[in-house]
Amino acid sequence: MTTELGTDADAMLDFAAKVLAAQPFSVFVGARMVEFGSGSATLGLDMADHHRQQHGYLHGGMIGYLADNALTFAGGSVLGPNVLTAGMTLDYLRPVTGPQVLAIAEVIDHTERMAVCRCRIVSVGAAGERTDCAHAQGTIRAAGRAQSSEQ
Amino acid sequence: MTTELGTDADAMLDFAAKVLAAQPFSVFVGARMVEFGSGSATLGLDMADHHRQQHGYLHGGMIGYLADNALTFAGGSVLGPNVLTAGMTLDYLRPVTGPQVLAIAEVIDHTERMAVCRCRIVSVGAAGERTDCAHAQGTIRAAGRAQSSEQ
Amino acid sequence: MTTELGTDADAMLDFAAKVLAAQPFSVFVGARMVEFGSGSATLGLDMADHHRQQHGYLHGGMIGYLADNALTFAGGSVLGPNVLTAGMTLDYLRPVTGPQVLAIAEVIDHTERMAVCRCRIVSVGAAGERTDCAHAQGTIRAAGRAQSSEQ
Amino acid sequence: MTTELGTDADAMLDFAAKVLAAQPFSVFVGARMVEFGSGSATLGLDMADHHRQQHGYLHGGMIGYLADNALTFAGGSVLGPNVLTAGMTLDYLRPVTGPQVLAIAEVIDHTERMAVCRCRIVSVGAAGERTDCAHAQGTIRAAGRAQSSEQ
């Protein structure tokens, strides 16, 4: 039923938003959960002065944060909430000018214990126009006993 | 002369610290320039609650910020101040517990226009003990006219 | 006109096949150009014993070759024939059993001088069933005078 | 004792050379094990025409093979012989002209189940002069039951 599907989707987004709210650093930088589903996750950010580098663009480190976190949430959507980001690659193509930013991540393949995810960092202009600015690929692992001493 | 070399090293560190201070995001998260030389750069951070993820470790996004920025400073130390980070790979091995963190970057190879750099993310315990927690490799490019529209 | 478009597509594939045939290593391993268009390139391989590692799967190094080359052809399809692969990341998820292998690459974003491309390494079974086995992301640059001393 | 240490080192190199000889693709391309120790591995190649791309340099795919394999051997030297390469990043800086090539890999950090390794691809000229040409970072995992369905 549409209503129940809607309720499920809302519940998933609500769950992910609560996990994000439990990350002090995510609260500190002001990220919000825009979308969360089975195999996808999107984080949003309203760019403020304290997110910028010396030329006024979004700091590359904020791009790194957004990519890392969106990739991890996307991986967690298929592997379960107890996951670790094993690694991430990030290729920067254009500066992010904002004033809004989206980190749109999706699972492109996964086994039971490992997911390969991709993430686009998208600058959203004042009129809503979107420009892809950076592209990430990451691997997310289910955290088990054997890996308990690893991140 | 030792005195003048000391003065030069101090001047380089002072210059890099001023660039870091001109990055609003770096000021916002509280990073500081610990070392900056020809082919190397180290950023430091005193971990506070607002740098953490939900399990109390340093947020992976902060690791991404530290790696991105230390790699870029290291590349800039041999290519000049006008550089762009083209890409970065980050492999996470252990959680960062702190209470201090260092991002120790060095140039491992470079041409006139491109540098390949590496960075270790090091957790420094209360007694000063050091543990490597993540390892990054990045490519930094000199920004020229042809790339003016890219980040 | 459909006929002319068909002719153009054939001409593009023919051009790419000739470039591949001019690469002695590609001839040596037996790769063939399966598809080449504006923003995409697919290489194919019939797995033989000399492509394998010690457990009978496709050697990871052959996966590296296929990803590197498919990414470069895809980038060249939008940047022109004179391109350099700047970097590549490869995440392995499953062994490639074959007996056929495809490396399916596409441009996901590009400026005038740089393209970010992705590539799936697909194992094709005897009955034609396809399994994604590895995923790559790479950056391809247009080779210009300034980079003439670089690869 | 020097003699016994020498014997052990010889035995390790002999063991690694046998594993390499059991990889049909490594035999096909003509790679040889130059050094293998606790935390390091070096592969060597005498460049022949069939290793080249269309401009006469070593094909990027051969660089990918050498990096992948040297990283895996280095990881295996600390994790045991049953390992999987989880991922690899490769940054190309200069063309490899040879006539000899070395892939020099080392473990830079590891837990019980995962190793982060680096590899330099070195072109060795006729007079023995060495030029670093590409730099890789990879993660190697111990293969266990849980990962038995993954590569």
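As written, the chain order gives the labels A, B, C and D, with residue 1 at the start of each chain.
Throughout what follows, a residue touches a chain if its C-beta (ideal position, glycine included) is under 8 Å from a C-beta of that chain, and two chains touch if they have at least 3 such contacts.
Please read these numbers as outputs of a predicted model, since none were measured by experiment.
J.: Can you tell me which chain lies farthest from chain A, using the average of the Cα atoms as each chain's centre?
T.: Max centre-to-centre separation from chain A belongs to D.
J.: For the interfaces A-C and A-B, which has the higher count of C-beta pairs in contact?
T.: Of the two interfaces, A-C and A-B, more C-beta pairs touch across A-B.
J.: Averaging only over C-alpha atoms, locate the centres of chain B and chain C and give their separation in whole Å.
T.: Distance between chain centres, rounded to whole Å: 34 Å.
J.: In whole angstrom, how far does the Cα centroid of chain A sit from the Cα centroid of chain C?
T.: Taking the mean C-alpha position of each chain, the two centres sit 29 Å apart.
J.: Nearest whole angstrom, what separates the Cα centre of chain A from the Cα centre of chain B?
T.: 23
J.: Can you list the residues of chain A that touch 2 or more other chains?
T.: Residues 86-87, 89, 91, 93-94, 111, 114, 139, 149-150.
J.: Spell out the part of chain A that touches chain D in their complex, as residue ranges.
T.: 86-87, 89, 111-114, 139, 144, 146-147, 149-150
J.: Along chain A, where are the residues that touch chain C in the complex?
T.: It is residues 87, 89, 91, 93-94, 108-111, 114, 116, 118, 132, 135, 137, 139 of chain A that touch chain C.
J.: In their complex, what parts of chain D are in touch with chain C?
T.: For chain D paired with chain C, touching residues are 19, 22-29, 49-54, 57, 59-69, 72, 84-96, 133-134, 149-151.
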